[in-house]
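What follows is a pair of complexes built around chain A, which joins chain B in one and chain C in the other.
For the complex of A and B:
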């Protein structure tokens, strides 16, 4: 518990310190990183806890963003009010999709969700009356708080830092509740989980819906920050990026979700010094991280912590069993 | 009627390319269990191996094709060493992300080498047309279908009539038992990667003249090859062929009879439908990965 409070305090301190000290460009990247962090904390429910490989996470983020964008620009709703149907609608969609789809496992589920994400992109690009097609939807209004518009990178960062903190604390409570433990039990052994009275299907669907709800919140943040969305913002490559963030940070951990989101947002920018070949190096670095740090950054850190305490339990055999802090 | 024949020919040609890409993907999957998300980039590299040998090096066609396929074989061996060996015991998600990561590297390496301007890869049957039952169809499309048929026949011979092919099928069935029988499993796995890369190379060389050679062509092909694999049945070679032809025909016929905007939705919609109703596909592998 102490560690958790300490981590939260450190996160807020680092976030606030950065928000008043860095350039406008870095602020923009930090905003993208926090928005990704919301989505990745959500993905952690589906993949980290319940073990569901989802390559369709960006589609849920897109669904939330599009619902908000359509309601605000075409029906004149206020953005705060529009977040409600955006979040609830996306959660409901995840339940409807999840019930039949989550019977699948492993790479079957990965390909099914991938197909879903591609299909979402095709519909968003072609249902022009509603979505504006590939031109997207522009002039999405921004959020405001107590009569002050949250405009510009710095005020938005304060908002998104706070949203990440609240959602991370909430996720932490869910993780330690019986629902969170049920998700992990289902991931580790479905048969054993159902023997102890856990409803496997309901657990999987609720993990999937929770992850979609977080994705929708990320989508609402994205739409109100950038004021413009198009199908490309939510294509399947983003889903793969979210999963990469979670694995690089440390799957099954909330800290890992945040660290991974920040690292993979900034890594390509840091690599830009390499010139045109930076994305080629980015791919190689990702591969190296997967090979040499199979439990992610948080897994590595907690191994250091344990060896410092000289307890030294045997290292986890696979990343699925990684240490969870 | 003439329109239909033309569409069918183009659909079968495109489907043949998808089928070969799917076969390359399935051979690797059956032997190594790796779901290769870089499979589309393999096909892209095949096309650009053709660009390098035929356009840049200016080799005559038979020599250029052979050189391109040898380059692809070397690439398959390299991929086995650099990507497969380090990741071979990783969980399926890590393998998916790892092959995506290396796919990003391949795509950007191709971008650096060849630039973003698309190339026009020549065909041996450049501009040749032939009349079939009143319809004018391109000779290249017919040649693609014929070449694919020949490749499938050769692959069948390899897998069923040669010692190395039979050993490969043994490894695909049970790695442990194959090793106990004294088969050199690591060499056979390496050979699977090489074979997969060469088949992707053939697909790329045939696709080049049909589309433009563009460094971003990998992802759309990978998605179609995945759809073909799922529809035909994961891990099944006849399934990859049937699925590939189906996806190609659905794309071409769907574009002209239903909606060109939504043509790709047909393939993915049917893929998801198959996953829900019959996840073992048409020819299906016996599945454990389903609740």
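For the complex of A and C:
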């Protein structure tokens, strides 16, 4: 518990310090990182807790963004109001899609969700009356708070930092609720889960829907931040990036989702000197992480923490807290 | 309480159970003994809804089990500590126990008493409540599997080879606890290769050989039977 509060405080302190000290360009990257963090915290429900491999996460982010964009630009809704149908509609879509799709497992589920993401792109690019096709939707209005428009990178960062904090705390509560535990039980052993009275299908579908709802919130943030969306913003490459962020940070951990999202947003910038060969570097890095630190950065940190207090009774397992802050 | 009639179960062409009938009355402890591959685990898995039956009937509390999913059967009151324990490796001991309350838990219902009872039965689990499942020893995992089954507030407890892979002293300890659970009045069906331990705790027993019930009787009768002595007790 104390560790969680500490992590939250550290996150807010670092975020606020950065928000007043860095350049406009870095602020923009931070905004993209926080938006990705929302999506990746969501993906963690499906992949990290319930063990459902999803390569279609960007489609749900896109669905949320498109619903908000269409309602605000074509129906004249206020952006705040439009977030509601964007989030609920995406969650509902995930339930409808999840019921048949989540009968699949492992590689089959990965391929099916990938297909879902590709289909979403095709629909978004071709339903021109509604989505503007490949030209996308421009002039999406920004959010405002108490009569002040949240314009510019710095004010938006304050908003998105707060959104990430609230959603991370919420995710942490869900994780430790019986719903979160049921998801992990299903991940660990589906048969044993059904033998302990857990409704496996309902648990999987709700984890999938929850992850889609977080993705939709990320999509709403993205649309109101950039003011312009097109099908390319939500293609399957983004889904793979989200999954990479979660694995690099540490799957099954909320802190890992945030750290991974931040790291993989900034890494391409830091390594810009590599040019085209960045992809090769990225591939090798992912390989190395999967082999040498399969529990990601957070897993590595909690291993240090454990070896630092070796005198304590030997706990061969992770103490649970460190691994899942 | 549990009535199985003429049950036949097959995996593809391989018939694992040939027309097995057995009955467990409320409050009694019944042992199902037999060698490896006799079909004991298949029978328990079928009761829990993991195998399709080719023919036959299963009734629990007078109602057919056929329409119920595995999770529904837990809700109806059948809990199993399965073969190989199958505890959740990524959950802590306490989470492993609490997750099994989802069949009956509604808002405002507390599991604190259930947890206290399990910890009272297995104090070692209390010591290790924060440890992750995978880090437990075999004996502790078996205790956790039984505790987890109890957390779902069952009317019928199914135990699949609780002594498997345990040192003799630990197996005896586990069976000592099964005896204590029996004294609370819970109905138990235990499947076991270790005939001595199983018949010591049971009122009645069935002997299963290559998918057929070949012998049935009280625990005393089975212990005295020539067939059981030769085949399973080694005397």
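Things worth noting here:
Criterion: the second predicted complex is superposed on the first by the 307 of 325 C-alpha atoms of A that agree within 3 Å, B and C clash if a C-alpha of one lies under 4 Å from a C-alpha of the other, contacts with A are read in each partner's own complex, and residues count from 1 in each chain.
Keep in mind that, in the parts below, contacts are C-beta pairs under 8 Å (C-beta built on N, C-alpha and C of every residue); 3 or more make two chains touch, one makes a residue touch a chain.
None of these values were measured; they are calculated from a predicted model.
Using the contact criterion defined above for the overlaid structures, shared-chain residue A:192 touches chain C, although it does not reach chain B. Of the two partner chains placed around the shared chain by superposition, chain C is the only one that A:184 touches, whereas chain B remains out of contact.
For chain A, the partner with contacts to more residues, out of chain B and chain C, is B.
Of the two partner chains, chain B is the only one touched by A:126; chain C is not. Shared-chain residue A:243: touches chain B; no touch with chain C.
Of the two partner chains placed by superposition, A:70 touches none, neither chain B nor chain C. Taken together, the two complexes place residues 200, 318-320 of chain A in contact with chain B and also with chain C. On the chain A side of its complex with chain C, the touching residues are 178, 181-182, 184-185, 187-189, 191-200, 252, 315-320. Of all the residues in chain C, the ones that touch chain A in their complex are 48-50, 69-71, 74-75, 79-80, 82, 86-92, 95-96, 98-105, 130-135, 148-149, 151-152. By the touch rule above, chain B contacts chain A in their complex via residues 35, 37, 83, 86-87, 90-94, 96-98, 100-109, 112, 219, 223, 226-227, 230, 234, 261-262, 264-265, 268-269, 271-272, 275-276, 279, 287, 289-291.
Contacts from chain A toward chain B in the complex involve residues 47, 53, 55, 100-101, 103-108, 110-112, 114-116, 118-119, 122-123, 125-126, 190, 200, 237, 240, 243-244, 247, 251, 276-277, 279-284, 286-287, 290-291, 294, 318-320.
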